[in-house]
Amino acid sequence: MPNTKAFDAALAELSSFVAKLSNAIDREQVEKMLGMLMEAWSWGKIVLVVGAGRSGLVGRAFAMRLMHLGFRTYVVGETVTPGVGPNDLLIAISGSGTTGIVVAAAEAARRVGAKVIAITSFPDSPLAKTADHVVVVPGRAKTSEETDYFSRQILGMHEPLAPLGTLFEIGTMVFLDSIIAELMHRLGKTEKEMKARHATIE
Amino acid sequence: MPNTKAFDAALAELSSFVAKLSNAIDREQVEKMLGMLMEAWSWGKIVLVVGAGRSGLVGRAFAMRLMHLGFRTYVVGETVTPGVGPNDLLIAISGSGTTGIVVAAAEAARRVGAKVIAITSFPDSPLAKTADHVVVVPGRAKTSEETDYFSRQILGMHEPLAPLGTLFEIGTMVFLDSIIAELMHRLGKTEKEMKARHATIE
Amino acid sequence: MPNTKAFDAALAELSSFVAKLSNAIDREQVEKMLGMLMEAWSWGKIVLVVGAGRSGLVGRAFAMRLMHLGFRTYVVGETVTPGVGPNDLLIAISGSGTTGIVVAAAEAARRVGAKVIAITSFPDSPLAKTADHVVVVPGRAKTSEETDYFSRQILGMHEPLAPLGTLFEIGTMVFLDSIIAELMHRLGKTEKEMKARHATIE
Amino acid sequence: MPNTKAFDAALAELSSFVAKLSNAIDREQVEKMLGMLMEAWSWGKIVLVVGAGRSGLVGRAFAMRLMHLGFRTYVVGETVTPGVGPNDLLIAISGSGTTGIVVAAAEAARRVGAKVIAITSFPDSPLAKTADHVVVVPGRAKTSEETDYFSRQILGMHEPLAPLGTLFEIGTMVFLDSIIAELMHRLGKTEKEMKARHATIE
């Protein structure tokens, strides 16, 4: 019988963390975020997503799903991302709420009249203060000292290692997938209808 | 009080899925994967990671963590990924086990003597059959019909939408983060030691 | 005085190659490509770009410029790339015209009624045969044996090294930037007008 | 006979620009850059590449070629980029020399004792002043006002459109490919030898 004690402990801790998410996430914050996304949908506004490192990967997984739902969505830093304007929406993801390029992106978006939703563990962080709306997702234990992501990569700095260091990203992935489920519901999309759309090409 | 019923249901389903992962994942499979990773570490061998779409994002999150642990790790399709050779390791992630570029990558790796670990929901899939070792992570309900990822993107085909369609990716992210925790344990790395390494630059 | 003979020779060869491009590129082929792009613009159709390795980088540089001109443009393999349909346009770049994922992308696009323009050195290549229209850009000396890009990366295979191996990419970059210049002219866009658009945000 | 006047003019201007590069690039600067790269090779040091937007794409094309030559090379912002230390090398590309993330990366690299080579049109720019060594590649006409790349993307700001706006990137691509040719020469690598290495896997 293999001894995978640290593996088992991490799996248990992550599972316990995900189980507590439902109580930890404020439904008023969720409702407001959903409202802002539904408005972006109705008005054909752009939804930009930004995040650095693993938060950036989680953000891209969300953007993929938004695109599948028919949103006009882009990821900051990718090739074809257009400029935004009034009432476009930026979803800015940073556990610490201090990552320089994410805060700068939020400030730039505000400057042109776009709305900013911050997803962060710290409601008093610079990112949260810049945002129009904040959804607190727990999991990040402390803030980083170096706020510039490229500099952090060059300096070899990263969040504490697993399992503690990844709670925020896993929490955010689970949270955002649940947001997608609610959007599907509200947009009246069903798997079946979407399959019908695809059937035309098969 | 906001009504976020579909959000709540998705969160509950994802949480229940993660809670069952510990029983669902075979520890013999985990142990063998850990052994192969430890060997790659000891011999300074390369660990390549490959996946398409959201599985690719989860794979990249894993590669980041391997790199933080000091592995020589690369992601197939990125800029600086080198060729591999005998006893290098390819971690190939595909829920359905049928994604064309992932299966082709596994076959190419085997051809030059590299070892392949498949992470998939389907132990009888083409990917699993190509691999030296398979770890089954549940979550993908059915296999895709179109196996070429770029073609699928062009055809607008994607896995069923949330919450069902994302169980495999979330399961794999949680699984791989737990693998990182066990590797940290086995490599004798502690957060503290790693901080000490970083302290020299602060 | 430094001796940089190989540097000087490469620079001279690249310069001579670029100087000959104007004669080498068929204006009827250019005109037809411009017509297809103008149609995509007029009808609000999507322009997808696909390429592997360095050709993929050149393709992305083109997509950036198309986006700046206001095209609805995406890069195959990036996060938010939507499916395409009838009369959307795929620009497929492959020097050899044999790269597997690029040919597969071209075939998928044709299947759903999208138009395909191949940019390649080989007018008889599989890619060229799949395409609705071919623009021949010289520079690639021979075709690759392994057609799957991910496999080629894993196998450590790449085009011959500089300067010979990069003529196609440099030729394509110069060619596509000249296409942008002509599109600007035809769309009646001037630097000045575009600056005026930006002035509102400064 | 098609009228592609703007296309022809752009092609002519780009060709004339490339033809003048050989005189425009200072061979002492080239020699010093080659020396720094050869030292990185000899000592097994890391060569990081950083750039934003189209300069980033050109940087990645260079990194691919360095990797093919056997350098330990990475691109800042990609998944598996490690931290650097004393005598590692950062190649920082920015036409204006003001792009925020590139300058920040250069500063971070200096802080840990890595060497920085700036590729820029402006020898008095912030990037050039941060660098250990500067190679001036002409082509960028003026400096940007907004220095944060992500902010520029969000604000829809970009360099002037073709052909003027792309001279720096094309010049840098031609320049860096010529650097690769000289490195091949100095490292005694020939196409033939490298093919022999590949033959073992075919």
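Every chain is named by a letter (A, B, C and D) in the order it is written, and numbering of its residues begins at 1.
Definition applied: contacts are C-beta pairs under 8 Å (C-beta built on N, C-alpha and C of every residue); 3 or more make two chains touch, one makes a residue touch a chain.
Predicted model, so just to flag it, every value in this text is computed and none were measured.
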Are the interface residues of chain A and chain C largely the same numbers on each copy, more than half shared, or largely different? same
Comparing A-B against B-C, which pair counts more contacting C-beta pairs? A-B
Between chain B and chain C, centroid-to-centroid distance (C-alpha), Å: 32
Find the geometric centre of each of chain A and chain B from their Cα atoms only, then give the gap between the two centres in Å, rounded to an integer. 20
Where chain D touches two or more other chains simultaneously, the residues are 60, 64, 81-83, 85, 111-112, 155-157, 201
Help me check something: in the complex, which residues belonging to chain C touch chain D? 1-2, 4-12, 14-15, 18-19, 21-22, 25, 27-28, 30-31, 34, 53-54, 57-58, 60-61, 64-65, 68-69, 145, 155-158, 160-164, 166, 169-170, 173-175, 177-182, 184-186, 189, 191, 194, 197-198, 201-202
Taking the touch rule as given, give the residues of chain D at its contact with chain A in the complex, in rising order. 48, 50, 76-77, 81-85, 90, 100-101, 104-105, 107-109, 111-112, 114, 146, 148-151, 153-157
What residues of chain B sit close enough to touch chain D in their complex? 60, 63-64, 66-67, 73-75, 78-83, 85, 111-112, 201
